[in-house]
Amino acid sequence: MKPLKVVTLGGGSGYTPELIDGFIKRHGELPVSEYWLVDIETGREKLEIVGKLAQRMVKKAGIAMTVHLTTDRQQALKDADFVTTQIRVGQLAARIQDEKIPLSYGVLGQETTGPGGFMKAQRTIPVLLEICKEMETLCPDAWLINFTNPAGIVTEAIEKHSKIKSLGICSGANSMMMDIAKAYGVGREAIDARIMGLNHLIYADRITLHGEDITADFIEKLAQGVSDNKLKNIPDIGLPAEFIRALKFYPLSYLKYFYLNKEMVEHELQELRNGGTRGERSLQIEKSLFEIYRNPQLCEKPPELSSRGGAYYSDTACSIISALYNNKKEVHVVNTANHGTTPDLPDDAVIETNAVIDKQGAHPLAYGRLPPRIRGLIQSVKAFEELTIEAAMTGDRHTALLALVAHPLVPSVEIAGNILKDYLAANRDFLPQYTDE
Amino acid sequence: MKPLKVVTLGGGSGYTPELIDGFIKRHGELPVSEYWLVDIETGREKLEIVGKLAQRMVKKAGIAMTVHLTTDRQQALKDADFVTTQIRVGQLAARIQDEKIPLSYGVLGQETTGPGGFMKAQRTIPVLLEICKEMETLCPDAWLINFTNPAGIVTEAIEKHSKIKSLGICSGANSMMMDIAKAYGVGREAIDARIMGLNHLIYADRITLHGEDITADFIEKLAQGVSDNKLKNIPDIGLPAEFIRALKFYPLSYLKYFYLNKEMVEHELQELRNGGTRGERSLQIEKSLFEIYRNPQLCEKPPELSSRGGAYYSDTACSIISALYNNKKEVHVVNTANHGTTPDLPDDAVIETNAVIDKQGAHPLAYGRLPPRIRGLIQSVKAFEELTIEAAMTGDRHTALLALVAHPLVPSVEIAGNILKDYLAANRDFLPQYTDE
Amino acid sequence: MKPLKVVTLGGGSGYTPELIDGFIKRHGELPVSEYWLVDIETGREKLEIVGKLAQRMVKKAGIAMTVHLTTDRQQALKDADFVTTQIRVGQLAARIQDEKIPLSYGVLGQETTGPGGFMKAQRTIPVLLEICKEMETLCPDAWLINFTNPAGIVTEAIEKHSKIKSLGICSGANSMMMDIAKAYGVGREAIDARIMGLNHLIYADRITLHGEDITADFIEKLAQGVSDNKLKNIPDIGLPAEFIRALKFYPLSYLKYFYLNKEMVEHELQELRNGGTRGERSLQIEKSLFEIYRNPQLCEKPPELSSRGGAYYSDTACSIISALYNNKKEVHVVNTANHGTTPDLPDDAVIETNAVIDKQGAHPLAYGRLPPRIRGLIQSVKAFEELTIEAAMTGDRHTALLALVAHPLVPSVEIAGNILKDYLAANRDFLPQYTDE
Amino acid sequence: MKPLKVVTLGGGSGYTPELIDGFIKRHGELPVSEYWLVDIETGREKLEIVGKLAQRMVKKAGIAMTVHLTTDRQQALKDADFVTTQIRVGQLAARIQDEKIPLSYGVLGQETTGPGGFMKAQRTIPVLLEICKEMETLCPDAWLINFTNPAGIVTEAIEKHSKIKSLGICSGANSMMMDIAKAYGVGREAIDARIMGLNHLIYADRITLHGEDITADFIEKLAQGVSDNKLKNIPDIGLPAEFIRALKFYPLSYLKYFYLNKEMVEHELQELRNGGTRGERSLQIEKSLFEIYRNPQLCEKPPELSSRGGAYYSDTACSIISALYNNKKEVHVVNTANHGTTPDLPDDAVIETNAVIDKQGAHPLAYGRLPPRIRGLIQSVKAFEELTIEAAMTGDRHTALLALVAHPLVPSVEIAGNILKDYLAANRDFLPQYTDE
């Protein structure tokens, strides 16, 4: 096995210690020799803090890995084998606006679901595609493992507009399977499920325990409240038991934003009055995390990190990178192009589903038709995503308006127009593609 | 040409004089010799009133057509050539409940769009399929021309569960083309357009004037408010000009229930406070219409009839029946099975689109892929329709709940559950398929 | 109605008097004021002969149309409204080679079916695309009505590689309907049928007489030999009665080259021994036709013309041009892009099927799935056509070999290689795209 | 792990020692405790010979497995976990007729490709479906692992007409990968490839060595004759180098029957003159094999067995059974329903392709569109297969004729009719579904 150069863009993120921890644990099978953390100038301080912690963690582990910190992205990308991204264009300040503007019109204000996902995509896609263009020169054979949200939309933009090999990664499916495992008192590896949908909009069925189908049993457990997919960052409002029984799928928690839209918006408005949006609380958590990271005695991932709701990212990412590197032919859940996996979505649409991962990439398992009880929602959100990508690539205001109108959670064209106007005004600095009219 | 037996079920409807008028005008090419108006026992009084008017109209016209009035459906159906339906199971009283129950939860209360369409389908589909079963014995080669709303859903139920040849008819597309003609000061026949969508959810493009494409020009007219598809029964709230320019399709007025959902619900709530729902006003209009019909001097369609918003039904229906009968190979807009017209909807889904009509039936024109700006909404409403039909056929409460949840205008599973509970309670007498749990 | 400029490329063809005759008969509805016959330098003599006849025919008819003869294609194309093509790159000499080379390996030698169609496409596609490029400058809104064989393949090449609006035309379907009409002793206009397939590979079902389905009855007539589609240019060997009954479609005569391949090849070899290929006989017929055309007393289409097997071309072409010009919304059989008409063929494949013709072009009627008894053959010939076009565009010998191998009538890769070698050698002058290796 | 009951129908086959050997080797992971060999009365002698050998092999291996020999199929099927089939309705005598009859008309006479596959399917499908019906009662949860040829067609018949879970198995893909491994001097496990097609009509691309793509390199090796897929039972005629380079796929040897049809038929006719068809030689080989099996000292698979061309069956079958039983989530090549794996074939068509195997069954990897250079042939053979199954289910002579006509290797409808007539006469005893006319 040849030594590996791995690069993480947005290396100053508070999640980085998770990733470092994952690479340390897997060093035997995934011999990362150079690990580059990259951030932009305004993130340099965070990069230094988290980077030093990373270096202490590696040192303590006693493995042959050097951790480099830089703001020179091109130097880092040169000859990389794997590039992971966890960037946040506009940082948490932009996210907070993404949340507050729709809420001011009574519409869901969330990081990835609803108008927030549209806005984050407009800022993020141009930056990611610039990165891809650099990779085409500096490391054309590298894999781009994209954590950056909205992960499905961003991966579809890369798929459509770049030749770089990429996969979109999310911990959502993994967290669902962990919850199932917990409900049955077994290890994660005993559980499997068939996943279908879009990022943050996935459904599980064909749930198995050591290969035996337990779907009906687990659905009843869900209905009775014995298990739930309580993601840390999603309000804990339960779906009605009869609906779960009717649905016969296990939906990711994010689907509550659709199925309980009214209640979720009320909850968000309540939270806003009580001290701030989720983004504002994240800002607080991040601050205290970095205080902890600064401690020069700390040489491992601190327990406080898991409180941010991305606990399984590291496992998800590192195990997929290892499957690619080691040609493992394992089945993982990833965001990848449809290419006929289901005929109910366009061929070039990125979907989140089970795929065999080998050195050549992800090969999704044929799924066939979507049943109507999940089909309409998935299809309408995909139409929103397609328009969102087109708007991000062209900066066309008409397309941007159509994207927001196409979102099932936007209740009127008038409101869509207002949100768009406020969004474009607030994000002027991050939207080179939207020229003045 | 052999003489024709035509049967209208729901013959006591206030619209019947429109139909009679249409058959009288076309008697040369469509020689209806027996015309049977059928209604149920509770509709006998209205049947008598409207039937007598029909007989006076025919007599005045001096044509060889006998008008029969009966409550014996089977006698009427025997050897019929064409059967038209315009029934209203539960009459306007049921419609008013359909409207009021969702409104009580802040959700659109409309006859065909939103939860109202679901409820009307639950009452109507079993009756229509019973009629089809009778037709399979009494007039297996007859055409069923279905006006009964929700026309697309009902036609799909017939398509899936009966062998009777049927087409769903709506005046919507015709009214759009009339509006275009008006905007250009030309006759209806000079205008054409490509229609795609579902009943009450259609979009026009490739708009032509004497064959020349005027789509862009007409869209700009729409944006500037020079033209509008102001259906009598839909609140007159305009779509924003920029949205119309962005959409590049001419949407049927009913689409305002989706694009301006918030405003439309507010408007309905306002109207409810100011004297009643649309259904309640229809009840008033109907009463005064029947007062007029009673007049034994009246021997033609009274001008007051056009105030009910179905003015083009007669032309639409009679011209399609004539195209079938006379093997005309004309293009009309009808509700018929997709069968590959667009790959973005299931093959057995009923869609509303342009089709060549000849003696063998409707042959829709291949459309290809739907553009994303209209695709998501059409697909999600189709998923709702599919579940609605399955619920109506089985009486399964889980499927009924999933249908309401699938509707883009229902903002929460909780609310869907409440509406369903109230609906089933209020409609107990009309839902034999929903057995007590 | 504005006056019209029509251009016929390959104007020196012996078929031209048919076209002239068609335009003269339709001058009331299709007021062609300028008619340009264009040919290349080597065809100048034939152009003069046929052009003078055309001028005499127009003069006799006493209509306001001027007939221009030229070898300056660009002058002719300038501001044209309709351009028809009936060119033959390499003339009949090339056709005779197309026939003889495969026959020398015991493989069908036919103008459009089998290897011959491949070779004709290699010579023709580059020339047609050059014409399209000129049209894009000189008459970008003109319609290109393509008679040039292989008409389906050529039209698909234009569809894929040019923006010029085009339709492929063939008299095959028309001749089938004439035969049906003859079998029932009625006029052509009383008959209709649903056509599906590729050019020279079409099947008819849903055959109607005044709108009533007579398919089963006519199939039985066919089986009993009461009717047959005896095209002048196809050997008269009958299909077995049981096969016709099994097929339940009415196949175009050209399908005998597939269904009776062994017998047809034997027949061709026999004919070759007895005096020459079909191409060689055509050469004779053409010579005697031009002798007749030279007669300065002749001012109408001579009866001898119909002996060449293209008798319905004129009607087919002129009526389609008139439907386009007059926005007739009539159904005609044309070669046009699939675009979802049947999901069993690629979206951008050109198929031959029923389409509504209006000023905007051809709108095929949705067909749905192909039944397996005709599906495999159509699909495999389409794969051949796709590879044939790719080879003609690129001059890639590997693709050319794959095209010939893909043809169902080529019995071995070795033979395909030999035919290709001989073909490329014999056609060197007409294949600029095949560079020396 | 619970002990396992495995049943092999057609247990008297000469291949059975391969299977026994496979189960013995895998006894650790696949603890077969009861192994039932079943045959029909006329096969009793062979069953006894091979069954005794099996018992000696198990005894020598010293594992806890009992081998039962019976002609009572229902007793054997009761509570089985896995049922494998390797039956040959009509035995080798029928195969020899399958070969000779088409050859008498100059058409390929081969066991599975061409008319032979049609005829074998007519005899085999009714028997297999009878077995499935018994399984539905006696062991409804058992897996049916079908080796019986034509394996793809038979599996599709089961898929369409039975609820029994089944997979079709063939050693073809495995033998291709072994050949690749040999060409690179590596073990089989280092090689992988993407397989697409129908049974005995598969193509490999994305060929990898330790995960690195070596497709182009291996194709060049093939072209240069360094490697070949020389199946024992297929004449050793090489494909032309330029064709292999053009194809860019590695085709299974069986494809030579299509690509070199002329040469293969000549070769078969030559062999026929020189002492008999492949079936006749198989009869000889079988006889000598059974002589060897009789030897009471023999307690292992004799080396002579591998000379019959099915050497990898055992590995293929046992490893797939183990993957199902142990929920291994490994990728294997199997015959299973398309369900969207490629949109270029019907959804319910059985294809041969890579699939993840777990306890729930086979989950094929989405493949997307087929390139035209392999598409036409696969599609036309699939149409033949579909008609073959329909004929076998109904005994309809018209459908049977259409099936033979649809086969690309049958050169004329007349010949198809003659082959069919002779086939039905010769197989009268095995075709209960074909009633006398």
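All chains are identified by letter, namely A, B, C and D, in their written order; residue positions are counted from 1 within each chain.
Keep this in mind: a contact is a pair of C-beta atoms (placed from the backbone, for glycine too) under 8 Å apart; a residue touches a chain by one contact, two chains touch by 3 or more.
Fair warning: this is a prediction, and the values are worked out from it, not measured in the lab.
Looking at the partners of chain C and chain D together, they share no chain. Between chain A and chain D the centroid-to-centroid distance comes to 45 Å (mean Cα coordinates, whole Å). As a whole-number value, the distance joining the C-alpha centres of chain B and chain D reads 56 Å. Touching of two or more other chains is recorded for residues 343, 369 of chain C.
Going by the touch rule set out above, the chain pairs that meet are A-B, A-D, B-C, C-D. Those residues of chain B lying in contact with chain A across their complex are 239-240, 242-243, 245-247, 259-263, 343, 346, 372-373, 375-377, 379-384, 386-387, 390, 397-399, 401-402, 405-406, 408, 411-417. Note for the complex: chain C touches chain B at residues 192, 206, 208, 210-213, 327, 329-331, 338-343, 347, 354, 356, 358-360, 363-369.
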